[in-house]
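You will see two complexes here that share subunit A, one where it goes with subunit B and one where it goes with subunit C.
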Partner chain A sequence: MSFVSILFLLAAGAAACLHYALPARFRVAYLLALSYGFYATWSLPYLALLLAASALVYLAGQRIAAVPGEGQKKLFLGAGIGGLLALVIAFKLAGEIRGMLFPLGLSYYSFKLIAYLVEVYWDDSVCEPDFWAFMLYPAFFPQIVSGPIQRPLEFFTQLRRQAMARADYAQIEAGMRLILGGLMLKLLIADRLNAFIAAVELQPASYNHQIILLEACCFTLQLYADFAGYTNIAIGIGKLFGITAPPNFAAPFAASNIQEMWRRWHMSLTSWVTDYLFMPLQMALRGLGHVSTILCITISMVVIGLWHGLTCNFLVFGLCHAVFVSATALTAKLRRRIFGIHVVTRVIGYGIGVPLTFVAMTFSQLFWRTVTWANAMQHINLVFGRTPCGTLGWEGMRTEVAEPVMICMALAAYFGAGAPGLRWLAGRIGLIVPAWVQYGLALLLISTLTIEAGSSFIYGQF
Partner chain B sequence: MEQAAIMPRLTGVFQDIFAIPNLAISPNTTAADVPGWDSLSHINLVLAVERNFSIRLTTREVRGMKNVGDLVDLIAKKAG
Partner chain C sequence: MASSNAASRQPRHPLLTCALAVLLFIFIDEAAFRTGWYQAKVSVFSSSPSTLLTMSRWEQSHVTPGMREIAIIGNSQLDEAFYPPAFTQQNPNFPYHIVRLTAPGTWPRSWYYLLKSLDPTRRRFKEILVSSDGYKVIQDYRPLPDDFQEAVNILPLVPISDWLEFIESYPGWQNRLKIATILLFPSHAYAADIQDVILHPKIRLSEYGDAYDKYHFQPWKFEINDSVNVSLAGFAMDPKTCKVLAMPLDDPSIEGGLLAATTNFYNHDQREENERRNADFDVFWYTKILQMYQGSPTKIIFLQVPNMPAPFCNMAPLPDAPDIRDELPKMPNLSFLDPVMFAKLNQPQYFRDEIHLNLQGQSLFTAELGDYLIKSLSGGQS
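And now, the complex of A and B:
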């Protein structure tokens, strides 16, 4: 069931109403039943896999907290993490080799479960004694499709609070605003950009160089609008049930270097890799100086790349970012010395850094978005003019596809840069136009401007 | 080691690592308060603290630190 289907959204709203009508002691069980019900609409056998993985990690967590010796703790931790990673790798390989369907949300819930095991290993008190509350952590339906990857302690604390609380109308309204904003990002912007990208991809060699370059940039903007739209809806639905997930995006297109961009893009994955892989690795290799930094960055970025899929293209995507992030880290002091001396030099540095970061991201997406190496090379050759481009321009595609591209790209770039001034403008509009009129207008826009051939969420495949 | 003696030495370490000569820190200072204190520079700070106070920190201890106050407590405990 898709997050953008009207049936799903109505069902989620009704389920949230019932949630608050239930006595506190039934709410966790109710949320668990809802989450398993949601998963079962997709696949029953893979629901059994989710149940088994969660139950085994629950037991492993109990053992890690209970055993006294460091060696024994490490044994259960290693077994738990090893089992989960083996599961993810086996299904990714089965998908690549045999075309087997990848279990919905496996990449996300296995990372949640690994986070839980490591946190319990670091601090026994994180161990969750309530079996049903624990089972809900990986399964919580607003987060299972594509995250955000919420941390265990944050989830359990909120779960206990919401189970005891009355409906928080401010939180519910904030959730509905996020859902509405997410729907607009996905249906009005991302899907339109997708129509343009799909039209160019049908016959890329026929289009002129300007269209090819525009399409490459368009993909980065579409990916943002699509994934940020999804994330807003996911966080919004969670809020209806009293659970606030961490953000996944914080104005990534305002980042002035690639390291900063990763702190703003798919943040719940980046921070997961930073805390559970990069930091322990750095601590283990801390005597090696710059070699350690480059090695840890490379391993972390390769893991981020391969997390999307075990393909050569995702590996190269990770390696591209390893080079970009390493270069950023190693030149940090030099850049601070050159650009940090005066407000004017800082503005110049920012003016150079922001477009350069966007170009670096767009270049790496040429590997990320393509399935085969030959396909990636075809895109790269066209973008860099190594293969002669065609002559077709805007006239080569349908008017309804071509017309909204520039405005949608500008809107995606504006929202991706943190929508500067929007809060001030919304405050002013709020003084004149009542909230219900604003919401009505947003719904009207969604219902009238949504294109028929909407695409599924890009990150749903991982 | 006395907590009062740790703070001035630790301030010097911070000023050196983050290249901010007049940087002032307090027990409540967090990474968000110091420009350049990110996951990459954090390890340089850990290394400098270990060298300066002749101690060895574990991943679990480093992960558990929420602010400068936690780091001071840790140094006080470890440096004897």
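And now, the complex of A and C:
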């Protein structure tokens, strides 16, 4: 069931109402039943997989916390992480080789479970004694499709608090705002950009170079609008049930270098990789200086790339970012020396850095978005003019697809840059127009401005 | 003081906020789209929904009392075949008012709801002439029965009491969910049209002005397609091999339609299945119309519109194709016009494309049907 279907949204609203009507002691079980019910609408056999993986990790966590020796702890930790990684790799390989359907959210819930095992290994007190509360952690339905990857301690603390407390109106209203904002990002911006991209991808060689370049940039913006839209809905739905997930985006298009961009893009994944991979690696290799930095960055970025899929294209995507991030890290001092001397030079540096970062991101997406190596090369050759482009321009596609593209690209870029001034404007409007009027009008916009052929969420495939 | 400020900043109960927002949305949705305001004032004449809505609103408020109205109901084929102004001009003393209820892209499902909204007492019309593409049902260009556009066309005319039945008439739960969504939130059905208005406000506003100046929203003043002067005269095909022998026109769109009609475009392999599907759909909705008029003094008369300028191999009915005359319930107020009546118009020179009559064909058809109306209403024929 899709997050943007009216049935899902109505069901989620009704479920939230029922949640607060229930006695506190039933709420965890209720949320667990809801989450498994949601998952079951997608696949029953893979629900069994989710149950089995969660239960085994629960047992492994209990053992890690209980056993006294470091060696035994490491044994259970290694077994748990190894098992989860093997599961992910097996399904990703099965998907690549035999075209097997990838279990919904496996990449996300396996990373959550790994985070839990590592946290328990580091600190026994993180170990969750309540079996049902633990089972809810990987399965929590607003987060299972595509994250955000919430940390265990943060989740369990909020779960206990919401189970005891009455409904927090401010949080619920914030959730409703996020859901509406997410729907608008997805349905009004991402889906329109997707229609343009799909039209070009039908016959890429027929379009002129300007359209090809625009389409490449458009994909980065679409990915942002699509994924940020999903994340807002997911966080918003979580808030309706008293659980606030971490944000995934913080104005990524305002980043002036690729390192900063990764601190603002898919943040729950990058912070996971930083905490559980990059930092331990760097600690282990700290005597090696710059080599250690480059090595740790490369391993981290390759893991991020391959987390999406075990393909050559995702590997190259990771390697591209390893080069970009390493170059950024190694030139940090030099850049500070050149651009940091005066406010004017800082502005110039920022002015150069922001578009360069976007271009670097867009270039790497040429690998990320394509399935096969040949497909990636075809795109790259067209973008860099190594293959002659066609002559078709805007006239090659339907007007309802072509005409809104520039507006939607500008809106995606604006929101992706943190929507400067929007908070102030919203505050002013909020003084005059009551919230319910704003929401009512937002619903009308969503109802009338969506396109017929909407697409599923891009990150839903991982 | 501080505490009272804090209290005033307390958010409204989210359920109340949510309920108010949904109510506001529903209010605007209903006021603009369910009442037909949008279709009549913004989307005027740009599409079948607006044509149907404008027509139905006009006819609801312009009833000629005493059963002195004849309804002509059908889609573009009948719309372009019968032209009431020409008939009225030729027969100024004809005592009945012809109510033209033809709109392009509509099917029996739409006609049922149109008649239901226009004739709540079932005593408004003396006769209702219902169009049929063919008594022997053919496999054709129809997107039945999951035609989403038909739901968009007819949406404001479906009363709440019929919502369930209307939803059920669409196959598959995904189609039904889609139909339920637009029944609940009609603005969603007109999303594409609204977006067109936003993207091309000048063109759409000038269209509105032109339409207003030209028609003053009187449906019988609707002009038929400008291309009706086109003739397929000279078109020839071998009825055995379906090979096109002569293609006289130099118009790619007309040529495309003709070639589609003579090739396997219409799923030759699933022909029987398509014929049965179309027949089931037609019979179901025609029966609903007949049941609605059971015991009514209104006569329901089916007519087979000329629909084939040449015997297209893939569209002509199979010998054992279902025949609606056999499948519809027998009723005293039901009759079928003899298809031979208009058979002579199934010639290329009377058509503008593979299914629609041109001006010459329209003139002949209008005269022929007009003769029938005059005779039948003076008691000469029934």
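We adopt the following convention: the second predicted complex is superposed on the first by the 462 of 462 C-alpha atoms of A that agree within 3 Å, B and C clash if a C-alpha of one lies under 4 Å from a C-alpha of the other, contacts with A are read in each partner's own complex, and residues count from 1 in each chain.
Simple rule for what comes next: a residue touches a chain if its C-beta (ideal position, glycine included) is under 8 Å from a C-beta of that chain, and two chains touch if they have at least 3 such contacts.
In this text the structure is predicted, and so the values were computed from the model without any measurement.
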Discussion item. A:Glu173 in the overlay: touching subunit B, subunit C, both, or neither? Say first, second, both or neither.
Written reply: second
Item to complete: Would you check which partner chain A:Arg336 touches, where first means subunit B only, second means subunit C only, and both and neither mean what they say?
Response: first
Discussion item. Which partner chains sit in contact with A:Arg286 here, subunit B, subunit C, both or neither? Use first/second/both/neither.
Written reply: first
Response to the item:
Between subunit B and subunit C, the one with more contact residues on subunit A is chain C
Discussion item. Just to be sure I read the superposition right, which of the two partners does A:Pro404 touch: subunit B = first, subunit C = second, or both, or neither?
Written reply: second
Item to complete: Could you look at A:Phe278 and tell me whether it touches subunit B, subunit C, both or neither (first, second, both, neither)?
Response: first
Discussion item. Need the overlap of the two footprints on subunit A, from subunit B and from subunit C, as residue ranges.
Written reply: none
Discussion item. Touching residues of subunit A toward subunit B in the complex: what are they?
Written reply: 122-123, 259, 263, 274-275, 278-280, 282-284, 286, 292-293, 297, 329, 332-333, 336
Discussion item. Looking at the complex, which residues from subunit C come into contact with subunit A?
Written reply: 10-18, 20-25, 28-29, 177, 181, 185, 187-188, 190-192, 194-196, 198-199
Discussion item. Taking the touch rule as given, give the residues of subunit B at its contact with subunit A in the complex, in rising order.
Written reply: 19, 36, 38-43, 46-47, 57-60, 62-64
Fill in: Complex contacts: residues of subunit A adjacent to subunit C
5-7, 13, 17, 167, 169-170, 172-173, 176, 399-400, 403-404, 435-444, 447-452
